[in-house]
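The following pair of complexes shares a single chain, chain A, combined with chain B in the former and chain C in the latter.
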Partner chain A sequence: MPEAPRPRAAVIQFPGVNCEYESARALAAAGAEADILRWNEDPARLAGYDLFLLPGGFSYQDRVRAGAVAAKEDILEALADEAAAGKPVLGICNGAQVLVEAGFVPGLRGEDLELALAPNRMPGRRGYFSEWCHLRVADSTPSWLGILSERVLPMPFAHGEGRFTSRRPGLFEELAAAGQVVLRYADAEGAVAAGWPENPNGSELAAAGVCNAAGNVLAMMPHPERAAWLGQVPELLPGPWGWKRRRAFGEWPRLKGPGPGHALFAAMVGAAAARREAVDAT
Partner chain B sequence: MAAVIEVSRLSRADLESALAEHSLTLKPDEARRVAELLGRDPTLTELTLFDTMWSEHCSYKSSRAHLARHLPTEGPDVVLGPVEDAGIVRLGEADGRRWCLVMSHESHNHPSQVLPFEGAATGIGGIVRDVYCMGAEVVGVLDPLRFGDPRGEHADRSREIMAGVVDGIWHYANALGVPNLGGDLVFHPGYDDNCLVNVVAVGLVPEEEIIRSRVPAEARAEPYDFILVGKPTDESGFGGAAFASVILDEEEENRGAVQVPDPFLKRVLSEANKAVLALARRGGAAIGFKDLGAGGIACVSSELAEAGGFGMRVDLDRVAVSDPALPDRVIACSETQERYGLAVPRRLTPRVLAIYNEEYDLPHVYPGACARVAGEVTNDGRYTLTRGGAVLCDAPVAVVTKGIRYEREAAPAARDLPDPPPALDRDLGADLLALLADPNLCDRRYLYQHYDGEVQGNACLRPGEADAGVLAPFAGSPLGLAVTCDGNPWYGARDPYRGAALAVCEAVRNLACVGAWPLALTDCLNYGNPEKPGPFGAFAEGVRGIGDACRGIGRLAEDDQAPAPRHPIPVISGNVSFYNESARGAAIPPSPIVALAGRVPDISVVPGLQLKAAGDPVYLLGARRAELGGGAWHRVCRGSEGGAVPEPDFARVRTESLAVIRAVQAGWVRAAHDVGEGGLATAAAEMLLGRRGEPARGLDLDATGGDGGGGLPPASLLFSETGGFLVELAPAADDAFAELCRALGVACLRLGAVTAAPRLVLRAGGAVLVDLDAGELAAAWQGALPRLFPAGEETPDGAREVADA
Partner chain C sequence: MRLELRVELKTVDLVRETAWLALTEKLGWAAVLADLRRAVLWRFELSDGDEATLRAALAAELERTSAFYNPNKERHHLLAGGALPEGEPLAAADALEPPPAPGARLWRALVWVTDEGGEQAALRRRTARRLPGLSGLRAGTLWELALRADTATMARGLAAGLALTRRRRQGLLLNPHYQEGRLLTLAPGEEA
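After this line comes the complex of A and B, so read on.
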């Protein structure tokens, strides 16, 4: 039987994003064939791809609000069609802000902007905040991250506006009940964060990543592409990944092997491959 | 020809007032010299151009002779010394290519004092352009920062400036997508009226893809255009270089000389530039590429031409401007940010313009931004600037770019402060806690967390995790890159020569801790008014100190491990910042700041500074001497700056560093930290605390004999600032390490071991000198810095304010 072709990933480059190269590299390491697509290329090109990544950065210099201008680009309309077809879409940091601004997430029908990513709330700090955190994957979720249920994934975050919030009372509880609060800030053992600094921005329910109801679109603030290789993990990070990192001391082949963020990309690429197989079979 | 200023006819007094009327800083004699060189009276645009070119900032008119005399700039690894905006050295092979390291180092002191946010942001913006225009990708920045006393007479102003500078740095660098690799933060009352914001940028480029800032020789054979790309030219930053070269006086009036930052446009431009450089490579076309900084369009176009031995004709009518009513000389010389100049073969011009204006859609991405042909390269060696048919400048290129020199008087530095009386019966544990809580030694994590240290995905050791920042920038190779920066104003104030030399010594030690071979040094020499013999004497001594240290320590590399240096550490780029002096006449302490980059052959064995495993032996390299002068313990615990500044011992730095580098590369070292400010006790506490201030281990060390039998009193043993190393070894490496040190003639002393209990115990001569719980150390160390920032300030009831951005 011939080997299945690698799923094709498009990393969409809005003006001002700055994580497109390492994101493409992480997708490639997880088995995808990754291209970087400029925002003003022909939107029809999207149909040729199996999965999509909106990388971090400062698209359109965060004019109006982070992500707000990119959310109005033509290419987002084409992306909405691809998402409706069930293809996996991941927005990281500024990419998450774009997905939220464009209404992909949480994607409730008939209402505008249910969610927002608001300025961080941090005791004794203001502005940008960058550190490593631990994320716990929801135990039951429609997301392609479901195969990582209950796992704890450490990775860095870096943002000034990453607080998941909503004007609608009870929305986060509803989303959590539906498994859409896929990633929550936690401690190294996986207990969901009770407050700052484990929850670094004051997000409701310590939400770090939220998906749509169908589960194929995920908006997350932390950066899995900065934890895709073991060598990227800080040597004294608490928990099993820090231990793995120290155990790999002196062994370059292990350090260039998978880090905690790799599993996330692998799950996404795997979901894209499975979807295409299902489509091809029908 | 446009109207001229009749400098040759005006009396000295009239000339002075004419120059002042046009806000020119040229002296009357200098204006007359311009007329002499031109052979006629200059236009206002020409005078403005020379005003910039002959500013201290651009011309190095006072400093150049000293730099040339003392600083070594060549070596086996050097590709390009300090002739352009950035220096280049060979780093090594990875992924099948020969990679070079590009490095640039500058100051943005005056702008940051006046407008902290914009000043610091455009400091980053300018320094990364210097590296980009060599064809490199910028992989990191470092920011050595110096502010006034946060608890002194001008505390509010100093803290406000600090907060603005930090905001400016993160807003720019984070948005641009360039990680922070380190830097340092020093508070000293000597910076109350003059903060220092130095910036270092580091980049990587394959050797065959290096681009030079000159019109290429190919322009003899085919026509070349001069293309200007980026933000539309406006009046921002007009007179900036001249502003950097005078004493800060009427701050309010000078704000227009500070540029306006735009990291967003810079990011889009960088992506478009990459596409243009790739197009040129594919087409086999040589191009010239230079960023616009001081002196704007006039400087960039004349210098591109001069460096290649060509002439240039620029038509200001073809330049995109924010406002057509801008005066000629403003369009010619303003320092509007986010612009580049290119010399490209005319056959490629349409495609280059299409990349900028269509593919990357600059005009829609940013109002008024675009690429346009603004002139052409000529073979006649003349520099011509026109607008609306009027000739604004017409002179041989060599005249326009010809510099000016001064021989300044240098007074010997003399400042002899006595030793404070001996300190007996002190609680050294309490002293250590006081040191750790001092703004100059406390935890910097609060600061680092403002900066994105992870973007690009190459972080290996982040700021605070080790003595140097380490990157692993190559997907398929363990080759890494390490960078650090240093400079201690108390040493500089006590002894300008030693202060400068010690900055180099400490930088070498920092790199040794991460097992890096030191490759190349850059410097930024921050001093007061060079027209005064005192500050100029301190400058001259500082340059001599850096040069002596670079030669005395010498290059260290795989093929260069002899006890005596064979090559110097090369100085490949740098900057001189004079006039760091207030109108009240208070000059900053002599502040040479150096940055040092090195090659890490295998990132998998590089240790951080935090302790790893209970039972591991801990060694001291570098016997303690009575060297507390200008040191933290005298200053913080005893209120004295007196005593002997450490003596730079180049031979010892060389051999001790060699021992540590080889031990790290052999995989024997689990943690390493240099001993410097705050001495042995502070270094030990820092190893226990680590970057995150979450101690998991403790230390029990006996410093008896740590002075090599010199009979030092306990306080000197713990706090003397003699350079050295503390090293945690894997237990199995004990004997091999001792043997390595013996072979190199390095004295190493086993002081004790890492303990499971999180406690710091320091002993000597049978007595326990310090016995502190790690939690107590962490509390002292972590609390100090956040309280100096507005959002972290204590409110009257002691609770922290909760701030919303």
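After this line comes the complex of A and C, so read on.
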């Protein structure tokens, strides 16, 4: 029986992003055939891909507002069509800001803008912050992350505008009840963050990643591509991944093994493969 | 009493250029939006003291610190007390979309975009030591829009329509989930 072709991934490169190469490499390590696709390519090309990633960085230099200008690009219209067809879409950091500004998440009211990734704001602390955090995966979620066996993932973040918020009262409670607050900042044991520094930016409900109602589009602020290999994990990180990292000290083959972010990419590529299989079968 | 400081780049403003291109080429406002300018507006709320003394104290503070503007790349104008009104919030309900056919008259609108909780508390504490009576300090982006509309009501709707982001293809200049836009002034204008 011939081996199924690898799912094709498009990493969309807006001017000013800076994480496209490591994101493509992480997708390839998870089993995808990853291309970097410039934002001004023919949007019709998106139809040839099975999954999409909007990488981190500073699209359009964060002019006007992080993600705001990239959200108006024609390629987002085509991406909306692909997302509506159920293909997995992941926005990381600036990519998440683009997805929020473009109304992909939470997507409860069509294309309406329902959220913001606002400037970080915690009591007595504002502005850019970069550190490792722990993420708690929702117990029940429509996202492709629902298949993860590991529910607490350490990951780095680096942002100045990552505070999930909304003017709509009760929106985050509604999203959490529906499993759309897929990732929440937590401590190393998985207890949801009650304040700084575990919640680094003041996000409502300590949200770190929010998906759409169908679960195929995920906007997350931390960077899984910076945790895709064990060698990227800090040795002093609390929890089992820090322990694994210390145990692998000096052992290059083990350090090149999967890190905590790999599972996220593997889940996404797996979801894309399953979707294509289902489409091909019909 | 209120004093206001307007700060603009001396050089080409790339944020303005990008916003202009997004509004006119991506969002279809080319026929309605005749011009767009950007500045930073600082608003100093003062609880006591006479205006002349306070203006002098603020001018000295501007010379002493680069917290409010960078003289190497920016120019500033200290506005007369009360030169700009409090303004009124832009409302999504008023927003006109898609951009209608351009009207016959030119209107100039000043829209001030501030972040929620944007009170500059730390800076205020430092500045207040040298500026007696300072009770509030806010900063935000001031967008000056030149709009083609037949009436003031229509011009107000246009300002709301292009400033307030409501959907992927509607609005750009502010995200109402953490920012507020106030229409400070709206007046008939002249062609540049």
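What we mean here is this: the second predicted complex is superposed on the first by the 274 of 282 C-alpha atoms of A that agree within 3 Å, B and C clash if a C-alpha of one lies under 4 Å from a C-alpha of the other, contacts with A are read in each partner's own complex, and residues count from 1 in each chain.
The working rule: a contact is a pair of C-beta atoms (placed from the backbone, for glycine too) under 8 Å apart; a residue touches a chain by one contact, two chains touch by 3 or more.
These figures come from a predicted structure and were not determined experimentally.
Q: Thinking of the overlay built on chain A, is A:76 touched by chain B (first), by chain C (second), by both, or by neither?
A: It touches chain C, and chain B stays clear.
Q: If you stack the two complexes on chain A, which partner ends up touching A:21: first (chain B), second (chain C), both, or neither?
A: A:21: touches chain B, not chain C.
Q: With both complexes overlaid on chain A, does A:147 touch chain B (first), chain C (second), both or neither?
A: A:147: touches no partner chain.
Q: Looking at the overlay, does A:249 come into contact with chain B only (first), chain C only (second), both, or neither?
A: Only chain B is touched by A:249; chain C is not.
Q: With both complexes overlaid on chain A, does A:58 touch chain B (first), chain C (second), both or neither?
A: First partner only, chain B.
Q: Name the contact category of A:115: first (chain B only), second (chain C only), both, or neither.
A: second
Q: Looking at chain A, does chain C or chain B touch more of its residues?
A: Greater contact footprint in residues on chain A: B.
Q: Could you say whether A:130 touches chain B, chain C, both of them, or neither, answering first, second, both or neither?
A: A:130 contacts chain B only, not chain C.
Q: Mind working out whether A:238 is in touch with chain B, chain C, both or neither, as first, second, both or neither?
A: first
Q: Touching A:158, do we find chain B (first), chain C (second), both, or neither?
A: A:158 sits against chain B, while chain C stays out of touch.
Q: Using the superposition on A, tell me which residues of chain A are in contact with chain B and, in the other complex, with chain C.
A: 60-61, 119, 121
Q: Mind listing the chain A positions that touch chain C in their complex?
A: Per the stated touch rule, the residues are 60-61, 63-65, 68-69, 71-74, 76-77, 80, 101-103, 110-116, 118-119, 121, 163, 165-168.
Q: Spell out the residues on chain C that touch chain A in their complex, using ranges where they run on.
A: By the definition above, chain C touches chain A via 14-15, 18-19, 22, 26-27, 115-117, 165-169, 172-179.
Q: Using the touch definition from the top, list the residues of chain A that touch chain B in their complex.
A: Within the complex, chain A touches chain B at residues 13, 15-19, 21-22, 25-26, 38, 40, 56-58, 60-61, 119-131, 156, 158, 160-161, 223, 225-226, 228-229, 231-232, 234-236, 238, 246, 248-252, 255-256.
Q: Name, in rising order, each residue of chain B that touches chain A in their complex.
A: Chain B reaches chain A through residues 167, 170, 174-177, 262-264, 267-268, 271, 359-361, 365, 446, 448-457, 459-460, 462, 465, 472, 475-476, 478, 602-605, 607-608, 610, 612, 667, 690-692, 694, 696, 786, 789-792, 800-805.
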